[in-house]
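Look for subunit A in each of the two complexes below; its partner is subunit B in the first and subunit C in the second.
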Partner chain A sequence: MNTTSLAIDRVKRTPALRHLVIELLWQVADDDLMIGFRDQEWLGLAPHIEEDVAFGSIGQEELGHAVHYYGLIEALTGDRADDLALLRETSARRNAVLLEQPNGAGDYLHDPHFNWAFTIVRHYLHDVWEMTVLTAMTGSVVEELAQAGTKILGEKRYHRAHQELWLRLLAAHNPQQLQDGLALASQWGADLADFGPMAIDLQQSGVLPDAPLLPKQFADEVTDAFKEMSIDLPIFQPGLNGRQGQHTAALGGALTTLSEVYRLDPGARW
Partner chain B sequence: MGLMQKSDGRATVESVYECISHVCDPEIPTVSIVDLGMVEKVTVTDRQIVVVLIPTFVGCPAQPIIARDVRQTLAAQYADYAIEVRFALTVAWTSARITEAGRQALQACGIAPPGRAFGDVACPVCHDTKPVLHNLFGSTSCRSLYYCRQCRNPFEAFKP
Partner chain C sequence: MSQQPLISDREAYFLERLDRGDRIEADDWMPEEYRRQLVRLISIHAVSEIMGALPEKEWVPRAPTLYRKLAITAKVQDEVGHGQLLIRVAEDLMRPWGKTRDDIMEDLFAGRLKYHNVFHMATPTWADAGIIGWLVDGAAVITQGMSLSCSYAPYARALQRIVEEEGFHIQHGESICLALAEGTPMQRAMLQDALTRWWPALLMFFGPPEKSELSTNQLRNLRYRIRSKTNEELRQRFFSKYVHRIRSLGLQIPDRTLAQDAVTKEWHYQQPDWDLFRQIVNNHGPRSQERLGLRRTTYEEGAWVRRMAAQASSV
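Coming up: the complex of A and B.
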């Protein structure tokens, strides 16, 4: 942890810093909410029963991480974490567009034809990016960010190890399927490792050390990993930028499902 | 002295630890939260008891239940104190925080205590040291699923 660290209640009283911390937290919180939701949509559909358990567990942890990040935003804004997760408009969401995409063709409840290779590739890309961010976060001047970085990084190791195992299996036994999944992911993935113009401010404020260097770190790591598996990494085509609130219709659909029960009675106690 | 403090309802850090050592993780009912290493800090003043807990895994859904159980246990014992129980990440929980008593209690309920790395696990039934990792993920965030080739039992182990 940084020696001149700041507790979040001090961040709260410093508007410029507060703004940056909240913007960073939106990205990680909204990313984890979306991937956690898509993970859960494999329930009962995963390739085998152990995989059902694995994706259920990974999805639960992603949602748990999102809850923690939304809780930090709650501490800064006073808004309820549940409302932040479930009631915000799509244009206020900062998740990467890749993470809101459905798991494949069809619908979870009606005739799902989901794409396992795409799911694994996407999750792997998300894991590598979040771990890159969390590693930097461990050096944040904001105490609560440094603590969350340290703790959550330890948990993400398991997710990443799991996706890497599947990537190696696919590369060895069905490289075409992996290549197709990667091609699909590359249509959406350009905004994943992107802080936009706030990268410099994140670094200079100490909120996220090395922020401007992280996208390249991520790209290098991913490029090397696929090279080792003899899989061509396609160019990620720039398109909609979720970090700026641009999203596909898939996000609205996911949020409608996710918040259906909550919207019935937002004041209910569980 | 310890017994007197208990009977007249006055709290000390030690008596609070003793009191909450009877609270267990609802998903592992034989192991106390103290032995799991989940109690980060206990503060006692004239009027208030504050207990800071740390989660084994950030997304563990047992947290509100554990916090409630700690609160109720303390309220029953120390009626004159305001009681605050909260989870924080001030220290990152790792499996190294599990006490020796905790490791034995895990073993006794059929969950292998954590090893130093993935796969460094002994079967809790026959103690064979070469089980097969079946699934990194198990019934809860903190456990993985193994199969013992020696005694042919499936079992769960704490993640390292």
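Coming up: the complex of A and C.
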């Protein structure tokens, strides 16, 4: 943790800092809500039972991380975490477009034809990016961010190890499936490792040390990993930028599902 | 001419062990019929956990709040975990027959292996997720609690863990139901509708009542100390445990005849439609085909992933 650390109630009283912390938290919170949802969709439908258990567990932790991040935003804004997670418009969402994409054709209730290789590739890319961010976060001047970074990194390591295991299996036994999964991910993945123009402010304020360097760190790590597996990494095409609130229709669909019951009466106790 | 003994010495010794209260392990000798009964019972239990994840899973992403989303994800994951644990117990028993979990899944899809009636039912609202957690799991703990004393040790050990986790599931379901019962008129109506919908299925869960005699399977399982109570004894226990709790939430049980005899303490109740029960467990329930279809499609499409994992582990 940084020696001149700030507790979140001091951040709250400093508008510029508060804005930056909230913007960073939107990205990680919205990312984890989306990937957690996509993981949950596999529950009970995975290729084998051990994997059902694993995806259930990973999805639960992703959601748990999102809950933690939304809780920090609640502390900064006074808005309820449930409202933040479930009622915000799609244009206010900051998750990467890749993470809102469905697991394949159909959905978890209707005629699912899910894509395992894409699921693994997408999750792996998310895990590497979030770990890059969390590692930087452990050095944040904001105490709660540094603490969250340390705690969540511990769990992320297992998620990543799980996806890496499958990636290596795919590379060795079904390289074409892996290549197809990667090709699909590359259509959407360009905004994943992107803070946009706030990267410099994130760094200078100490909210996220090294923020401008992180996208390259991520790209290098991913490139090396696939090179080692002798898999060609496609170019990630620039497209919609979820970090700027641009999204596909898939996000609206996911949020309708996630908020279906809550919207019946957001004021009720559930 | 010497007469063939009715049971072999080995079988006599086996029964003697059971009567002494010995537990049987996977590697012990056992009569083929004992193995057959266990495989049947444990496979049904395993696929019921696996298929049982699906009705609640319909509500996992839709759970109302972040807290409820976390809790129900953990809960459904536990259920699949129970399926995993049980399918491994069944696999050990099936090994001498050269069969594996693939055979269990194939039997499920082909309709040769049945899963519990409750998991064929529709779950149209969030309150159904509450009723499943509270009362379906409550009913399951009553039957599984009986099987904790099962003579087959690996099953009894698996159940020990399962029953402990089910205890949390019941609290989780009860908490959902309590929030709805204490909530807005819309929430209370949602809960009452769900209870009304689930009541016959809950009674069916324990199986048809025994008339004057027990079925051959039941007698055999009692002799083998695989089970120790009848369907009706278990259902009576469910009434005693839950009727007053359900009523204390202000809910109406949809059976005007339900009453406990003051002297014998026996509960009298309206029998559910047992013909309908047979249809349901034969995969003609409201959601049987859709749920089997969901699991079958993803199982078939995931075959290459399982082959890949098998290839890797055989290297």
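Throughout what follows, the second predicted complex is superposed on the first by the 269 of 270 C-alpha atoms of A that agree within 3 Å, B and C clash if a C-alpha of one lies under 4 Å from a C-alpha of the other, contacts with A are read in each partner's own complex, and residues count from 1 in each chain.
Assume contacts are C-beta pairs under 8 Å (C-beta built on N, C-alpha and C of every residue); 3 or more make two chains touch, one makes a residue touch a chain.
Just so it is clear, the structure is predicted and the values come from calculations on it, not from any experiment.
Partners subunit B and subunit C fit side by side in the overlay (superposition on subunit A).
Touch criterion met: A:G154 reaches subunit B, while subunit C stays clear of it. Rounded to the nearest 10, the angle at the Cα centre of subunit A between subunit B and subunit C in the chain-A superposition is 50°.
Within the superposed three-chain model, A:N174 lies in touch with subunit C and out of touch with subunit B [touch as defined at top]. By the touch criterion defined above, A:A190 reaches neither subunit B nor subunit C.
Of the two partner chains placed by the overlay, subunit B and subunit C both lie in contact with A:S57.
When the shared chain is aligned, subunit C comes close enough to touch A:Y108, but subunit B does not. In the superposed pair of complexes, A:V121 makes contact with neither subunit B nor subunit C.
More residues of subunit A lie in touch with C than with the remaining chain of the pair subunit B and subunit C. Shared-chain residue A:V133: touches no atom of subunit B or subunit C. Once the two complexes are laid over each other on the shared chain, residue contacts for A:E41 go to subunit C alone; subunit B is not touched. When the shared chain is aligned, subunit B and subunit C each come close enough to touch A:V67. With chain A used as the common frame, subunit B approaches subunit C to a shortest CA-CA distance of 5 Å.
Overlap of the subunit B and subunit C contact sets on subunit A: residues 50, 53, 56-57, 60, 63-64, 67. Contacts from subunit A toward subunit B in the complex involve residues 50, 53-54, 56-58, 60-65, 67-68, 144, 147-148, 150-152, 154-155, 158, 161-162. Those residues of subunit B lying in contact with subunit A across their complex are 57-61, 88-90, 92-94, 118, 134-141, 145, 159.
Those residues of subunit C that touch subunit A in the shared complex are 50, 53-54, 57-70, 73-74, 76-77, 80-81, 83-84, 87, 101, 126, 179-180, 182-184, 186-187, 294-295, 297-299, 301-306, 308-309, 311-312. Taken together, the subunit A residues at the contact with subunit C in this complex read 37, 40-41, 43-53, 56-57, 59-60, 63-64, 66-67, 70, 81-82, 85-86, 108-109, 111-114, 116, 169-170, 172-174, 177, 257-258, 260-262, 264-265, 268-270.
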